[in-house]
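Both complexes below contain subunit A, partnered by subunit B and then by subunit C.
On to the complex of A and B.
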C-alpha cells in the first residue's frame, strides 16, 4: 500500500480516471513524420497525443511504439492519415474511424474497427471476436485468424481474413463483403439481411437464411483487386454465400427504417 | 421539394430540405465530371464508396448521404452504365463542398476536435476545439 505523499503507479487498461486531459507532447517529428513511445502513457494520453499531432500539428504519418495492448487506442480519428502501431492493441482498437490508413504490427482484441466509416486497417496478427462489428465502410484486413461473430451487424465495407473465422461470423450482416480464406465455424451469416460472404475453406454450418450464391465476373474482379492491393498473392478458390431473403425483405421497410441500413 | 409548414409532416428528409436549397451539381453533370473518386478516398481503390449506389427517392434518382441521413436527388440525365459512378461523384462533391447538413452542424456542435470537412478535403480547418455546452437562459440546476 502506498504511504502518504507517495504516488503509486498502476496500470489501468481501461484508461479511466485521467485527471489531466492534456497531450503529453512527447512525440519526435522528423521529415513530417511523428513517432512517440506509448509505454508509459495511459490510453487517454496516447489518444490525445495522436489527435494533437493529426489535428493541431497537421502531421499525416504517425508511429506509435509499444502500445502495450492497451484498449481503445486510435479511436475516432476523422482525417486522412497514416498511423502505425508497432505492437498489439487491446479491445475496441481503431473504432469509429473515418479516413485513416492504419497498420498494426501485432494482434488486436475484440471489436477492432467497430463502426469504422472509411479507411484501411491491416492487422498482421490475429483478431478477437466481433472484429469489424457494425463496420460501415473501408477495408479491414486481418492476416491471422478472427474470433466469433466477426462482422456482426456489418453495414458496408470489406473484411478480409487470411486465416480461420469463428462461429456466427457475419451474424445479422446487412451490407458489405467478407472474404474469409480459411475455415469458418458454425452459423455462418446467421440472420443476414444482405451482403456477400466469400469462404475459401470449409464451413462448419450455415446460419438461418444464409445460402450459396451464384459466382459472377464482378466477384472475381473484386476478390482479385483486394488481393492485389494488399499483396496477398493469388486468391484461393472461394465459395460465395448470400442472404436467401426468406426472413427479411428490404422492399417492405418504411423509409426511416430503410435509411438505417444505407 | 417538400414545403415547410406547421406542423411539419414530412416522412422523407432530403438534402434540399435540410440545407434549404438545391445545388448546381444536382442539376448539371458538368459540375461533377472532374471529381476524382480514388483521390477522394483512402487506400488504393474507391474504398467506402464501393457501398454507394444510385438509389431512388420518390421517383427521382438519388444518392444517400449517411453523414446527414438524407438523400441527394439528381435531376440531370444519367448516362447508361455510369449510374453508380455518377451517384458517387455527386456524393463526394456534396461532402467536399461542405453542403452536407452534418458538416454544417459541426462548427457549433462538435465537442471534440476534428476536421470540418472530414477526410474528403486535405487541410480542412479543425473545429470543436472550444466547445461550450449550450446554456438555457434563466434555468438554474435544482438544489439537491
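On to the complex of A and C.
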C-alpha cells in the first residue's frame, strides 16, 4: 500500500490504482436498520460499505439507495441478512451469495445471482441474459422478463420468472427447477442433464434432449408453494419439461460396469 | 468485448456529442483502444460534409511527416475541386484529421475513390448530416480532441473498441460508414463468421473496404440493400438470415436508428424507450449516464430488429 497525500492507494490485480480502499462510512443507522445513498459512490465503495455494515457493525437490514445499475453489487455476501436495493443493478449483481434475502426494486443486468448458494433474491423488474447462471441453491424470483440462457448450467435451487424467457433457457441445466410463467424462446433446456422446467406460456422450440415430462402431485404442490411464499396469486397452468436422457453420456451402467465397457 | 451505444431524440436537437461521450466513457472498460462516433447534425442546407484522415494517430512521425501531410491535404482540396465540388468550409481537427463542407451533385463513389487514391487518405464519412469521428483512446480523449461537447443533433451512435482481430488504428475503429452511400453508419459488437464470403460478394459489386474488420461488411451490406429499395428495417431483417455469427449491431440513417440482435442473443444490449428519447447500449450504466433517474429498461430478445425514427 502506498500513500499519496492523505489518500491511501491500493492496487488491484491488474496493478491499477484503486483510490477507494476504505468504506465511505456514509450509512445512517436507525432502529438497527442501515441506509446509504450509492449515487455518488463507486462499485468498490458501495460493496465496502455494505460489508462494513453487515460484518463489522453486525447490522442485518441494509437498504442501498440509487445503485444506478452499477455492476457487481452485493456480490459474495455470505451471511443471513436482509438487503434492499432501491433501484436497478448492472451486470453480475448478487453473485456468489450464501444466505441473504435480497429485494431489488428495479431491474438487473446480465448474470444476476450467478453461483448463488442459498437465500432469496426478488427482482421487481426485468433481468438480462444468463440470469441465475450456475445457480446452486435458494430462490431467485424475477417479476418481469428474463433474457437468453437463464439458468445456464443451473445446479440447484429455483428460478421463478413471471414474464417471458429468451432463447436457450436452461441450457446444460444439471439440477434444480425453473418456473417460467410466460412464453419461452427457442432451444428450451438444450443439452440439459437433469432438473425440471415448468412453462406457463408457449415454447418456441425444445432444445436437444429436452422432452415433456409427466405431471405429478408433487409438481402441483411445489409450484403452489412457491407462488404462495412470494404472494404471486394463483399459478397458471404449466407444461413440464425434463431431460430425455438419450444423449451419449447417459446409460444405465454403474461406474464399475462402465469401466468394463470401456 | 467492445461496447456500443445509440441515442435518438424525437423532440428536436440535443447535445448529442456530449451525450454520446458520457455513454461511451461509462463503458470504457469494454474497450479502451479506440472510440468512435457517428453524429447526425442538422441538414446543412443540402451541403455535403466529408470527414477524412491523412494519417493515423500512431503513424510514425518521421522527418517528412508534416510536409507529407500538407502536400496530401493540398491534393485532397485539388481533387475535390476537379471533381466539381464547391468547397465552402475546411477545418483541420488534428494534424491528420479534417472536415470539409462542400456542395456536390455528382457520384459519391467516384469522389471518394479520387480522395482515397491519395496515399494514406481515408474517407471516414460523407453525408448531408452524418459525421463520423473516431480515434485512439477513450471517449473523453476523443471528445476533447475533436471538440464534440457542443455538437448538436437528433441522433448518434458510438463504439468503444477492444481490438481483437485487427490492429489498433483508426481504420479498425467503429463506426463504419457505408461507402459510398451517404448518411449510413453502423456500430457492431460481435463477430461475423461469413465475413470473407460477403466481402468478396460486395467487392465483386464494386465496393471497397477501408479495414480488415468484419463489422464494416454490415454497413455496406445494409446500404446496398437500401439502394435496391429495401427500407432500413427490411434490410436489417434480411441480415439476420444472411449474416452468420454472433452480433448485436446498431445502424443509422439520416432519420432513423435501428438495432438487430442475432438468433443466439450472445451480445448484450439494454434498451430504454420513452416518447421523447430512445437510448440503448451494451450496458445500462451507459444509459444512466445521460438519463440519471430510475428508468425501466429491458433486453431485446434473440432475432429482434427494432427501428425508431426521429
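Structure notes:
Keep in mind that, in the parts below, the second predicted complex is superposed on the first by the 229 of 262 C-alpha atoms of A that agree within 3 Å, B and C clash if a C-alpha of one lies under 4 Å from a C-alpha of the other, contacts with A are read in each partner's own complex, and residues count from 1 in each chain.
We adopt the following convention: a residue touches a chain if its C-beta (ideal position, glycine included) is under 8 Å from a C-beta of that chain, and two chains touch if they have at least 3 such contacts.
Predicted, not measured: the structure shown is a model, and the values here were computed from it.
After superposition onto subunit A, the partners subunit B and subunit C occupy separate space and fit alongside each other. In the superposed pair of complexes, A:114 makes contact with neither subunit B nor subunit C. Applying the stated contact rule after C-alpha superposition, one finds that A:98 touches subunit B and leaves subunit C untouched.
Once the two complexes are overlaid on the shared chain, A:190 sits clear of subunit B and of subunit C alike. Look at A:229: by the touch rule set out above, it reaches subunit B but stays clear of subunit C. By the touch criterion stated above, A:136 is placed in contact with subunit B alone, subunit C being left untouched. Contact with subunit B, but none with subunit C, is seen for A:55 once the two complexes are overlaid on the shared chain.
Once both structures are overlaid on their shared chain A, subunit B and subunit C have a minimum Cα-Cα separation of 25 Å. Taken together, the two complexes place no residue of subunit A in contact with both subunit B and subunit C.
Residues 263-266, 268, 270, 283-285, 287-288, 292, 294-299, 301-302 of subunit C are the ones that touch subunit A when the two sit in their complex. Taken in their complex, subunit A has these residues touching subunit B: 51, 55-56, 58, 76, 78-80, 98-101, 117-120, 136-139, 156-158, 175-176, 225, 229, 255-256, 259, 262.
Contact residues of subunit B toward subunit A in the complex are 11-12, 41-45, 47-51, 55, 64, 66, 69, 112-115, 118-119, 122-124, 126. Residues of subunit A touching subunit C in their complex: 68-71, 87-88, 90-91, 106-107, 109-110, 125-126, 128-129, 144-145, 147-149, 164, 166-168, 185-186.
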